[in-house]
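There are two complexes below, and they share chain A, which is joined by chain B in the first and by chain C in the second.
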Partner chain A sequence: MISLAGRDILKSWSKFVFTGVGLGLLIGVTFSMAGVYRGMVDDAKALLTNSGADLWVVQKDTQGPYAESSSIYDDVYRDLLGMPGVARAANITYLTMQVRQGQRDVRAMVVGILPDSPGEPGYLVAGRQITRSHYEAVADVATKFKLGEHIKIRRNEYTVVGLTRRMVSSGGDPMVFIPLRDAQEAQFLKDNDAIVGQRQRTAANPALNRPGVPGLLDAVIESQSHNPYVNAVLVQIKQGFNPEEVAAPIKRWKHLQVFTRAQMEEILVVKLVATSARQIGMFLVILTIVSTAIVAFIIYTMTMGKIREIAVLKLIGTRNRTIAAMIMQQAIALGIIGFVVGKIVATIWAPMFPKYVLLIPGDAARGFIVVVIICILASLLAIRAALKVDPAEAIGA
Partner chain B sequence: MPVKGIHIEGLSKRYGSGDTAVDALKDVNMEVAAGEVVGLVGPSGSGKSTLLKALGAVIEPSAGRMTIGDTIIYDNGWKIKDLRALRRDSIGFVFQAPYLIPFLDVTDNIALLPMLAGQSNGESRQQALAMLQALDMAHRAKAMPAQLSGGEQQRVAIARALVNRPPVVLADEPTAPLDSERALAVIRILGQMAQQYETAVIVVTHDEKIIPTFKRIYHIRDGVTYEEAGEGRETG
Partner chain C sequence: MKYLSNKIRTLTLVTVIALLLAVFFYVVIRSGPLAPIAVTVTTVTNQPITPALFGIGTIQARYTHRLGPTVAGRVQNVNVHVGDKVKAGQILAEIDPIDLKERITGQDAALKRAEALTIGAEAQVKETVAGAAFAASQASRYSQLFEAHSISAEADEGKRQENRVAEAALATARANLDAARQDRERLKADRAGLIQQQENLRLLAPIDGLVVARDAEPGDTVVAGQAIVEMIDPASLWINVRFDQSRTAGLRAELPAVIARRSSSRQPIAGRVLRVEPLADAVTEETLAKVVFDPLPEPLPPIGELAEITVALPALPAAPVIPNGALKRANDKNSRNGVWIVKNKSLTFAPVRTGATDLDGQVQILDGIKEGDQVVVYSQRELTKGSRVKIVDHLIKDTP
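And then the complex of A and B:
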């Protein structure tokens, strides 16, 4: 038996292909949405992996430093170095802000690190790591900063000495690494007028400016002029130690919150990305419904355009299942064209997105199955209409 | 009762019931022998299309009897279970417009019928090509319907109707869209094919130019048929 669907497609292939391309663009958007979600999850995992930490020590009763703000004293790391199983510990700060370069602003996560410590970017694609204590920066290539360029964070200028890749925040903002001291200052540094205003307020406070206690005011102002806090301490544990075992005494004796890699991944992927995932999921559902409606409409319209031929086919003895198969095969063919086009366009435009879009083969395979199911469901309406056609319609009224 | 051909006796068709009932066919009696072409003539609304649909087994008559060859098709109820197979194997259709399947070429339009009957693609295409040669259309075997003239399309439609060698062919105004010359040619072909394949052909028409071509003409008026001898110029 000849393939009626195939012949029909071949006869009007251009119309069919153009329709498939239109559907493919919609499917491409669907794949991209799934890729955006995958990219967010991957960004979160990359953030954890790139930090090089086994444990995150943060302020008690917080889920910092990525999901909530966390503030701990910057000398805590010394205590941690003395805890059993701790190999290395390093302070780190995170601050999402606008970083200026020339006339443009780049939204970035500024990370304060200590050279050669946990938290430092694991690899560079150009330049070198930070070696000086101040005013050097390593930037992710997504910032589009170049080696040797000067960038401005708050009031200070930094020279880009290295470039790294895939170092992004959980929100997808590229990271800019600067020395820890600079980052601590950047977090709390006020403008000159604000500093003058703060000093006047302190001096006007009779409790802090007692006539009989010389030096008290100066000591208070000195304590206000630097920031002794960091957001977290990244801990690397010694070989052979279980992260949970190392975390337990820190929690108990240092009264801090400690997260293992698995717990931090849960916070980032399950909690932090959850709302975005639901948002994207909603989009995917809507796009699936729209795609189904479009395929159903296209197939229904194509079938209605062949009513007389279907009546003739039925009159000359064509079985209903042959006619149903013709319509379903056309719907599936349309879906396959749409899937191929969608996959290609999603692959082409994925790198153009400002945030990371990760297209994984598993999603493509699932997408293919969904597309085929959608096409089969969408063809049912047209099949129903075709099977209702009376063969008598082929004979003149 | 003829051994071959179609025999209709007291066929009626009523639409609706009670006061609103309409008798589209009241008492139709026809007999068309194998190899014969008869005309079925009547004004609009006389019941021509209803009769054709009943003969084509696409609507069920209300009463009467219908046989094709020695097979009882209808006797106050369908006697054949698979009407689709009946239409496919025993009744050929030629329509006012050719209604060829636009996405199949000429050969496959004809070969589709034997394929539906279960024959292999190769055998079906060979049969189709044989039909095309008989109709002097072999040179257009690979053409698509849209590439054919109206007369050529109608010849392909005739080939499609006859390819399964059905005992009956029903032709519904087959010459309506054609000029006189082509219309007469179509009727001539139908006559030749009817004799060659021993097929009973009923041609519904009110085309004045072809009415004289029939040897026998059935007139239908208000759902009742009566027979008249014709001139039989092309088909006799």
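And then the complex of A and C:
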């Protein structure tokens, strides 16, 4: 049997393919949009995975350290190491700031880590991990820093010794890892003018600068310029314990907030990404409607363009089902071309996005089904118009 | 003709569709989660490594002399400025003596009076000595006359009594002289004491050194113990270095050190560990050590300047060595670090025991892998068992 649809496509295949490519670009945009959302969720999850923690111990009544600021004393980890089920505990600090390199500065999340502890980047793409306890940094490649470059964080200069990948904050800012003690200092350190001003203010305070007590002023200034805080303690638990079991006594007796991986994901994905996700969801819905409308118009115009031929078909007694099948097959073929082109272009331009775009095969599969359904729905309008045509039109009556 | 063109059309269409599909499948397989992960590998080699420790510290003076008065007072003058080189014994500052001078003048006058009194007492002794001698000779003469019965017993008795009176007067005069002399000595001692006090108000340099701070100005009132001038011995500069406690294994005195001062970090200078402090900082979890310059740089570095110290430990014998980037944190809770070994394009995770590490990121492996094993160094993503890998030379252009 001769495929009517195939014959028709063949007649003006270039027009058909180009229409498909045009539709494909639109579908590519839709896929990218979904990829942007998946990328956001993946960024949040990457943040959690990279920290390598089972529990996050943060300040009481906060949802830190990512969604809210949290600060706890840096010796809390010692208490935690004594709690049942805790295998390892490591201090960590997070601070989003501008990191300067030469003339430019990069917005980055500076992470203070302890060597060989949870929080350290799990894999590198170049260089090495930090070995000195000060002034070395491992940066995400997205910062565009190169090995051996000197970067400036607050007052201190750090040497980039290693590069890693996909280490981002929940907001997609690339991470820069530096030793914890430097990070604590960086988090707290004011600029030199502010420090001098602070010293002068302290010295001007008669209660703190008493003539009869030599050394008091120095002691006060010393205590003012010291930061014994970190943002969180990352805890890894021993085998055979479940996270809730370990978290409960810490919450109860240490008066700290503890989050498990699942709770942290909830905070990051549901709370932090939620608004952006809805924004993107809305966009996806609009894109879907627009695509449907465009496919419908294309099919409709294509059908209207050969209304005469359809009338002839009717005149020679072709069954309605055959005509409908022809139009629907064309629509689906268009959709398939669009899907293939869309997937290709989305994959090509995904790495060019400044933030991570993650294209999941599952999304592509779902997208394929949606595209086919859209095409079927869109062809209904054209089918209806084709079936309504009067066979008499074929002879110009 | 029509048939042929139809054939060509079909062919072109099929080609275009086939091309599209080919690109599509290539894209699906080579990107996204299904794509193989690009990794770089290295061969484990036996190498000796030289571990080193890294710490930061500030330049300090071993001896800081904070000179101030021992009693409260007002500063009269400060003779030196910051940066002055001073000699031992030089007067650096003086405290207002208030009435000390007048009191010394008073003591001088009192001393003169005591001298005069002593001279008077001496003259009196002389006089009474003469009187006593005369009375004694009179008494002896009268006694002879009385024995010859030329005079009455009463007259003899009278002369003897006169003699005893004169002797008593002599004793009195001698006692007076003694008292006057003692008095003079006391006043002398008092005066010396005041002069000592006056000396104490002068702050003298205890050593040859450098003035580093001038904390009070003339007219300021200072309490006992409050420093007016601070000076140091410039030859005694050292660096108070703080080492992260987790990385201080092997730190001991006499190890060579490299000092990179913040002002000239590109030109490090030599030094050595003088001692490791027996007291570590429990709050900051750091071990403290003192590092001395070897030799002292000229001009002197500013005190308080930050310096980075690298202490080289003795080289270790050869053992399997890998870069620390190859070391992966285990994902399971049992946490043992390990490496991914590549054999015939398949991955196996080998837990390892690590030994010493040097500052260039080379880690010695005590067991778990052997020389000649191929291990993954860098990877595009986190690896898991069963990950497909593609071995490449480097992941980032222009890096090893």
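What we mean here is this: the second predicted complex is superposed on the first by the 373 of 397 C-alpha atoms of A that agree within 3 Å, B and C clash if a C-alpha of one lies under 4 Å from a C-alpha of the other, contacts with A are read in each partner's own complex, and residues count from 1 in each chain.
Keep this in mind: a contact is a pair of C-beta atoms (placed from the backbone, for glycine too) under 8 Å apart; a residue touches a chain by one contact, two chains touch by 3 or more.
All of these numbers come straight from a predicted model, not from anything done at the bench.
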{"item": "Which of chain B and chain C A:A219 touches, first, second, both or neither", "value": "neither"}
{"item": "Which of chain B and chain C A:L10 touches, first, second, both or neither", "value": "both"}
{"item": "Touching partner for A:L315 - first (chain B), second (chain C), both, neither", "value": "first"}
{"item": "Chain B versus chain C as contact partner of A:A274, first or second or both or neither", "value": "neither"}
{"item": "Superposed model, chain A: greater residue contact from chain B or chain C", "value": "C"}
{"item": "Partner chain in contact with A:V161 - chain B first, chain C second, else both or neither", "value": "second"}
{"item": "Which superposed partner A:L377 touches (first chain B, second chain C, both, neither)", "value": "neither"}
{"item": "Contacts on chain A seen with chain B and repeated with chain C across the two complexes", "value": "10"}
{"item": "Residues on chain C engaged by chain A in the complex (per definition of touch)", "value": "6, 9-10, 12-13, 16-17, 20-21, 23-24, 27-28, 31-34, 54-56, 221, 223, 225-227, 243-244, 246-247, 283-284, 308, 323-325, 327-329, 331-335, 337, 357-361, 377-383, 394-396, 398-400"}
{"item": "Chain A residues touching chain C - in the complex, by the definition given at the top", "value": "9-10, 13, 17, 49, 52, 54, 75, 87-88, 114-116, 118, 120, 122-129, 131-135, 141, 146-147, 161-163, 165-166, 181, 211-212, 214, 228, 236-239, 241, 337, 340-341, 343-344, 347-348, 350, 358-361, 364"}
{"item": "Chain B partner contacts - residues on chain A that touch it in the complex", "value": "1-2, 4, 7-8, 10-12, 308-309, 312-319, 322, 390-392, 394-397"}
{"item": "Touch list for chain B against partner chain A, complex", "value": "49, 52-53, 56, 58-59, 84-85, 87-89, 93, 95-96, 99, 101-104, 108, 111-113, 115-117, 121, 144, 160, 172-173"}
